[in-house]
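Working notes, beginning with the structure itself.
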Amino acid sequence: MTRSPIAGLMFLWLLLGPLLSGAQAAADREKLLTEPGIYGTFAVFTLDEEWAKQELSTRIAHLATFKGVVEQYREKVAIDLYLLRGLSDQADLLFRIHATELRETQDFLLDLRSSQFGKHLKAAGIMHGLTKKPNYVPGFPDQMKAELKTLSEAGPKPYAIVIPIRKSPEWWGLDQEKRAGMMQEHTAATMPYLKTIKRKLYHSSGLDDLDFITYFETSKLEDFHSLVLSLEKVKEFHYTRRFGNPTLLGTIQSLDEIIELLAQ
Amino acid sequence: MTRSPIAGLMFLWLLLGPLLSGAQAAADREKLLTEPGIYGTFAVFTLDEEWAKQELSTRIAHLATFKGVVEQYREKVAIDLYLLRGLSDQADLLFRIHATELRETQDFLLDLRSSQFGKHLKAAGIMHGLTKKPNYVPGFPDQMKAELKTLSEAGPKPYAIVIPIRKSPEWWGLDQEKRAGMMQEHTAATMPYLKTIKRKLYHSSGLDDLDFITYFETSKLEDFHSLVLSLEKVKEFHYTRRFGNPTLLGTIQSLDEIIELLAQ
Amino acid sequence: MTRSPIAGLMFLWLLLGPLLSGAQAAADREKLLTEPGIYGTFAVFTLDEEWAKQELSTRIAHLATFKGVVEQYREKVAIDLYLLRGLSDQADLLFRIHATELRETQDFLLDLRSSQFGKHLKAAGIMHGLTKKPNYVPGFPDQMKAELKTLSEAGPKPYAIVIPIRKSPEWWGLDQEKRAGMMQEHTAATMPYLKTIKRKLYHSSGLDDLDFITYFETSKLEDFHSLVLSLEKVKEFHYTRRFGNPTLLGTIQSLDEIIELLAQ
Amino acid sequence: MTRSPIAGLMFLWLLLGPLLSGAQAAADREKLLTEPGIYGTFAVFTLDEEWAKQELSTRIAHLATFKGVVEQYREKVAIDLYLLRGLSDQADLLFRIHATELRETQDFLLDLRSSQFGKHLKAAGIMHGLTKKPNYVPGFPDQMKAELKTLSEAGPKPYAIVIPIRKSPEWWGLDQEKRAGMMQEHTAATMPYLKTIKRKLYHSSGLDDLDFITYFETSKLEDFHSLVLSLEKVKEFHYTRRFGNPTLLGTIQSLDEIIELLAQ
Amino acid sequence: MTRSPIAGLMFLWLLLGPLLSGAQAAADREKLLTEPGIYGTFAVFTLDEEWAKQELSTRIAHLATFKGVVEQYREKVAIDLYLLRGLSDQADLLFRIHATELRETQDFLLDLRSSQFGKHLKAAGIMHGLTKKPNYVPGFPDQMKAELKTLSEAGPKPYAIVIPIRKSPEWWGLDQEKRAGMMQEHTAATMPYLKTIKRKLYHSSGLDDLDFITYFETSKLEDFHSLVLSLEKVKEFHYTRRFGNPTLLGTIQSLDEIIELLAQ
């Protein structure tokens, strides 16, 4: 993407903003991203029509307030950013926020919306889920459990996909054993993709009009397509009342990359 | 959340508004919140795009009119306030209003909308329900009835959740005994959560496109998630045609807290 | 509701507008409201965001044009007004218009929309139905027919409710006798409420995406809730594909009351 | 409807616009409206909020550009106009356009939208269908075929109704003979209304999210209601997945009548 | 369509923009349009209300930035343009973009949206699919395979139609053999239209809320209608949960034709 040399200089200034107190913040973030009992929020925004009409210098000043709010909350909540524009319907930005309490997520989003940048954001959707210990895995065969520990390949995974799911009342009406059997078949279908697709599950019942939020990262969208196709073919899929609607597809971006893109 | 010292001083002035005539109002409020035959209205609003662009002094002046209207009606209707922004889709504020007649609720909402603050509110949804004596509880076993009298734990319950419900025609077609049996199973599933989750039921048939509005308060959202998961597993859930859509999740706030937040 | 003394004086002037030629208009109105073969239109409007920002004097001048249009058509069509704001989702005003031809209703609504007041109205929905002689009543037992002639109690009925209905293809596929049997059960369920709830039925098939518009007036919303609950329990309800969506709940207002409210 | 004498004079000028070369255009129009293999487009528009705020003289100047575009295309496509405002939900104008190629319809609508009047039109919906020779009629009994040739009564038919239809996959899965049998029952139900209701059928599969567009003209809406009620009772109706949504109800107007109405 | 001579001259200047480095770009485009493993994106836009109000010279200047962005990306991605206005609901332009990585498509759309022209585009929908080797064809009888190689007739095919498809869980639950049998019946139904209708299939599962995007080009819309009617009659159609919604119908246009049309 093209940009002017003046804008480049102004970004330098932006990038010199307050930095996290390093190790502590990283430890907290690691914990928020890996432990059970953490709330994950997916907040989708569109930019209003005013934004694109602002002067470059105004946009850069506003983006500095954006950076300020994100930096301020980085020690309490883990914030990940995704660019949806150009890949998802009528949405521009996705924030994934992990926190031990949803009040902290609300505080962050309130301050974000109150910032000069935030006044240009229009809320397009919000979903919440909770991380929990695996429900069915303990009952799986040992070999399967071992394979599930396969780490996904190192290297950048530029794409993220978020698919909300609601099960049918019939699903919840099945006994635990029957559900476990179907989830084993479901999990077996995902095995060929463990290396190239990173995944994370959030439980939503009661927090939103969903039962689950499924989150994926990959560098190979073709593999992700094959994975979903496999999942559509297992028996458990018959008990899914909503799959997507919306399917959010975007690219993972650092705060500075997003700021640079939005300045244009 | 950060705020300027000047704003702080101006709030002092705001907080010196007319106060309720104490005991009488409290007694009326207690009655409205506990007796059967009371109408409960859940009115959801978003703030228009103009609001955030107003000067701080203008916002504070407008919020004074907001406070005035709420204080004026406090002896007739019971008004509770919730902040949805940052937690629920495309909504900012929720008013829960209890009144002996819906005309009084309408009068309050008309005056609210006509106030200088109210001109910035956009109606995003409204639901009505009626409080009634328990329908199925009288037939439950004595031990269950005793346990249901368990009070929820003292202490603040910062989160509120509102879930509208429509049953299927098949539900209403069942005889009273069958429905009572399923409601007993439903109620049993809620027992482990009586201490941490406060609940209230409103009957809506005919007053809105719903059969029930279920309202919850808790400090433990994880417990609330577990409660809903348990309710999805009982037989009665198969007779639920709409559960949520929307699920409203917010934080309980006093009038002064809301005013302080909105001034920012 | 509070209002300024100046506004009060200006209303006096408004209320001195042209009056109907008395008896003739009343006779026509009576006929339109009671005979079969009359078209009933339910037109729902919201006020635009400009309205609340107009000067009081401008609003009053515009409301005079509103009054003028309504008075002008009062001899041809019967116009009833309802305030939905504060009770129904995203709607402010409901007009119920009875006419012998829908062209006359269209003429009225066109002139209304073209008036200075009407330019602030946004159409939020419109439904049409036809009054007809009772379809199933002639076959009911004599005692039931007699009871159905019970007049509703005198005295004001401040609330009005409008519920649109679409039946399933299975309903229309039943033979007349089966439908009559179920309608007798349906009607029996309404008997306890004949005194406190006034009702009127409009047939819509082909005029709109509905089969019926049901209209109710009452001073006891709790009775209306009980009535709907009873109707949900009869067999005929299983053949209802749409019930409400929207349910319109409002208060009945005279033209002058509406004008006074809108001036604020 | 009332209008000023000045506006009346200005209309005179408008009505002196270029006229069609008479006989040729009439012949083409006749062909487009009666032959199979013709594309019919139903384009629905609303007027934007600016329109009502224009000066009368500006509105009249803009309407002249409207008239110009319609006159320019009258030899290539057949254009019919309907006023929906006051009778249909959130729509003001309906254009019915018949052409031998949809490209010609697109050219007309592009030029309309580019005109000074067209800049005030917001597209609210568009449907396309194809006229074809009757599918099932050739197999009907001779007497039925004879009766179907009954012409509708002469005289003005002020109302037009458009009902889009999508059949279920089960319908298309039936063999031709079964469908023919049900269509004969369907057609028999329409016989009592041949005289008072003019009808036309367009086939839409693949051109839009529909299977058929049904178009009706009548002076007796009560008859039209009875017709639809009869059609809801035949077996074929069970295979209809969408009937209406929207049902468009309007009045047939000449170009000059529409221009006069829009000038107000 | 009419246009002024001045506009004509200014187009000359526009058409003298940077040209592709010929053969290389053509080869890449050919590869992107024919090989498997390529991502196809269908991005739908509407023009905002400001666009039509710009001066002609401003519009032409903005369109030059549009042309610039398209030319800049032409070596990396294959871009096709379609005019939907006048033929499809509430949409004006369709871009079909083929790329080896969706990130490249996102880069193009971001730069397009950031251009002076792009600021007038509102995203109305986006769908992604992947080209793959035929799934069922290898198992078809040899004669059928041979016939499927029939090329569509030469000559312009002005119309394009895009129909998104979601299959039911039951479809994916069938074994491969049963699906292959039904796809053979489906394919047989398409044989009469191989010459007049060009077609292309994209696989979407996981990339969007779809399973397939079907794309067609033709000069004979009547044939396309007959094709869809045939496909509605085969057994496989019973396993289709969504067919269209939206159906996009437009005309294929070169970049210069679109620019000329938008300048008006």
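So that you can tell them apart, the chains are marked A, B, C, D and E in the order they are listed, and the count of residues begins at 1 in each.
Criterion: a residue touches a chain if its C-beta (ideal position, glycine included) is under 8 Å from a C-beta of that chain, and two chains touch if they have at least 3 such contacts.
Worth saying up front: this structure is predicted, and the values here are computed from it rather than measured.
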Inset, instruction - Indicate the whole-number Å distance between the mean C-alpha point of chain A and the mean C-alpha point of chain D. - result: 48
Inset, instruction - Indicate the whole-number Å distance between the mean C-alpha point of chain A and the mean C-alpha point of chain E. - result: 30
Inset, instruction - For this assembly, give the contact graph shape among line, ring, star, complete and other. - result: ring
Inset, instruction - Enumerate the ring members one after another: first chain A, then chain B, then the rest in ring order. - result: A, B, C, D, E
Legend entry - Residue ranges of chain A in contact with chain B within the complex: 37, 39, 43, 48, 102-103, 105-111, 113-114, 119, 123-126, 128, 130, 169-170, 172-173, 203-209, 211
Inset, instruction - Would you mind writing out the residues of chain B in touch with chain A in their complex? - result: 1-2, 49, 52-53, 83, 85-90, 158-159, 161, 163, 221-222, 224-225, 227-229, 232-233, 235, 237-238, 240, 243-247, 249, 251, 261, 264
